[in-house]
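Paired with chain B in one complex and with chain C in the other, chain A is shared by the two complexes that follow.
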Partner chain A sequence: MVEPLPLVRDVLDKQIYDVNHDKVGKVDGIVLIPRQGRPLRVAALQSDMPTAWRRVWQRLGDWVERLQQKLAPDLASPTRIAFEHVVRSGIDVDVDIDAKRTNAYGWETWLRRRFVEKMPGGKGSGEKGE
Partner chain B sequence: MVLQLALGIITAIGGFLDAGAIATSALAGALFGFQLIWAVLLGTFCVILLTEMSGRLAAVSHHTVADAVRERLGFRYFAIPLVTELLQDVLVLSAEIGGLSVALHLATGFDYRIFVPLVALFLWALLWFGSFSLIENGVAFVGLIALSFVVGSFITPPPWNEVARGAIPSLPLKDSGQYWLIAVSVVGSVLEPFLLNFYASGAVEEKWTVKTLGMNRAIAGLGMSFGAIISIGIVILAALTLGQRGIRVDSFEQVVLTLVAPFGEWGLSLFVASLAIACLGAASDVSLNMSYAVSQGFGWNWSENLKPHEDARFACVYTAAIPAAALVVLFFDPLNVTMIAMALNAVIAPLIVFPLLILMNDTAYLREHTNGPIGNVLVAVVIVLACLFGLVAIPLEVLGG
Partner chain C sequence: MAKKGNEIHLEDLLGRRVRDQSGRAIGRLEEFRARREGEHWVVAEYDIGPTALLERLAVRHLGIRWPGRVHGYRANWDQVDVSDPKHPMLTCRVDELKKLA
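So, the complex of A and B:
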């Protein structure tokens, strides 16, 4: 017997960790697919700012999305992780994929290249004092 | 372990004292003598209770307050404290940058505005290049110079029976609007909402576990209590020096007298050093908290121990916040900004404290370390008090001028 999974309690808004235990983002939305005569199918977890802000106010999410498109049109698509990759959920959600192979770090890389690397000491990696 | 405990206590003392604590305590002493010491004690009791809980949450679950509020109550709730706390943190940060700039003005005689961009740049560099422990322990150690306020109150001893009477809440004898506004501001300066998430984030940075729960209790209790003793020292000295001369504090410059009276010509240097270090410590804490809250809220990589290349989004939050806060204090008087920020602390406190009551009873996060009935009753009392203060703060701000 498969245990039911309360999506809103145990998945939505939780921290996603990838296979290397790196932070991927929070679960900002859950993608459901309607099926003829059958219950909705949980397709994917979605992580991106417009999705989160849309839950507060639709227009706010649209504004954030428009701003993102203005800044970097290539990065404006949300990170989606197929639900089959979820291996555990509770206060965190663990997935069995490597986040570096997804677009989860798109904005992180964009800011790193556009700003951080141009500042003094911005190119070094690792921990401070190493 | 003992060293870690001592460092933690010193850091907590440093975290307690800032431009707000100095300004509100001096104002309280100057206008109402020892009568508002109870407000310092009340704020301290609340902050000990709440920081112990946020430290416990972090040590047991390795989740901070911002993390857990979003995860447990959802983004629709989380967005409200996130946005209000960010706006409030910018105001508190501008008060700290203003305080540090005023300290440099007192040391050199130049207009404080000249120092605002330099202070902002120095603060940014400290966060950009410094590790968490360097920033926290280093600044806090130097900040022990603020103990001059305690030493000063023994050099010019007050009537201790009157000081003790001030520890009991009493109704104002004059200017009731101003009395309650300052009381709310004093509590707000101690119970700064950003401290809760900052303290929890520090606990995760320092890798606390269930084994450090005793240390958490000692750091929250002793560190905050020592910090309160410094604030009470300021109230006493302000009552003896400013109050007795009928000086109504309308700028930081007048507060210098609190240390000049007991220490003579050394008083100015001690005051400048105390104000500068207290403000620098608080400015770094509040800047980091903005980065912590946003990064944790959206699930990004975060740690002040990582180089900015590793957590670019985290570093970019404080990089954007510092100039924004510096702009505020370029156009508005630092003492006014400080007083408004402290009163508004009381307004937003319920938004942050209320979720803590839910989180501290969630076994998914706290396992067997959830709150007991006494802890819950005490948090409920703090929530009621915070709501009361929050409701009256803005009308009092208008009435009390």
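So, the complex of A and C:
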């Protein structure tokens, strides 16, 4: 029988790499779905700032979420990757999707457009989220 | 809030004290062991207690052990009720759980 996968040791807080071996973010949370009379289904990996901060202090996570909604409401939803896309875990977590097709780089792109590009020398490379 | 519907977040359960039916704390939830079930992954087992924490931190091979009584348990998915993530409860007796050596 295949050895079970320890979710806390081998998945939570690990770096996620996409199919192109680009960094997607860290696994800040794991979404579980309760089912009547059956074990919890491992639904998705979640990567976003409020989830990470909520683990430090619940109110801090809520505050970061409200700030995100104020700054860019369309970017406020977390990045979720269905657990079925995980192909390998351990030191890092490899997924078989292209992160550019997700909202994983939404905040990077927003920051670049709103601030970095407006600085002297800010235009140029760093097209990860494009 | 980021949560949708009836979903539970693993990070909300992690470190929660598990109590038996008499209300006695038996240890904290330290690990969630997932297995593939068809096309999905499910949480098949929970590791509870300080021994499980050592296992999770991958330091047990260094020979670190807790002296004295049993300090860790492995529970099947149906032996822990996590429907209230803040108050996980055993659904069986403690002596029915597998002991972590």
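Convention: the second predicted complex is superposed on the first by the 125 of 130 C-alpha atoms of A that agree within 3 Å, B and C clash if a C-alpha of one lies under 4 Å from a C-alpha of the other, contacts with A are read in each partner's own complex, and residues count from 1 in each chain.
Everything below uses one rule, namely that a contact is a pair of C-beta atoms (placed from the backbone, for glycine too) under 8 Å apart; a residue touches a chain by one contact, two chains touch by 3 or more.
No experiment lies behind these values; they were computed from the predicted model shown.
When both complexes are overlaid on chain A, chain B and chain C end up sitting side by side without clashing.
By the document's definition of touching, neither partner reaches A:T79: not chain B, not chain C. Of the two partner chains placed by the overlay, chain B and chain C both lie in contact with A:L12.
In the superposition on chain A, contact of A:M119 is made with chain B only, not with chain C.
Contacts of A:P39 after superposition: chain C is touched, whereas chain B is not reached. After overlaying the two complexes on the shared chain, residue contacts for A:G25 are found with chain B alone; chain C is out of touch.
By the touch criterion defined above, A:R55 reaches both chain B and chain C. Of the two partner chains, chain C is the only one touched by A:P4; chain B is not.
Shortest separation of chain B and chain C in the overlay equals 7 Å (C-alpha atoms, whole Å).
Note: residues 8, 12, 28, 55 of chain A belong to the chain B contact set and to the chain C contact set alike, using the contact criterion stated above.
Every residue of chain B that touches chain A in the complex is listed here, in rising order: 61, 63, 67-68, 70-71, 74-76, 78-79, 128-131, 134, 297-302, 304-313, 315-316, 319, 364-365.
Interface residues of chain A, counted against chain C in their complex, comprise 2, 4-9, 12, 28-34, 38-43, 46, 48, 50-51, 54-55, 62, 65, 77-78, 83-84.
Looking at the complex, you find that chain C touches chain A at residues 1-2, 6-11, 13-14, 30-37, 39-45, 55-58, 77-78, 82-83.
Residues of chain A that touch chain B in their complex: 8, 12-16, 22-26, 28, 47, 49, 52-53, 55-56, 90-91, 107-109, 111-112, 115-117, 119, 121-129.
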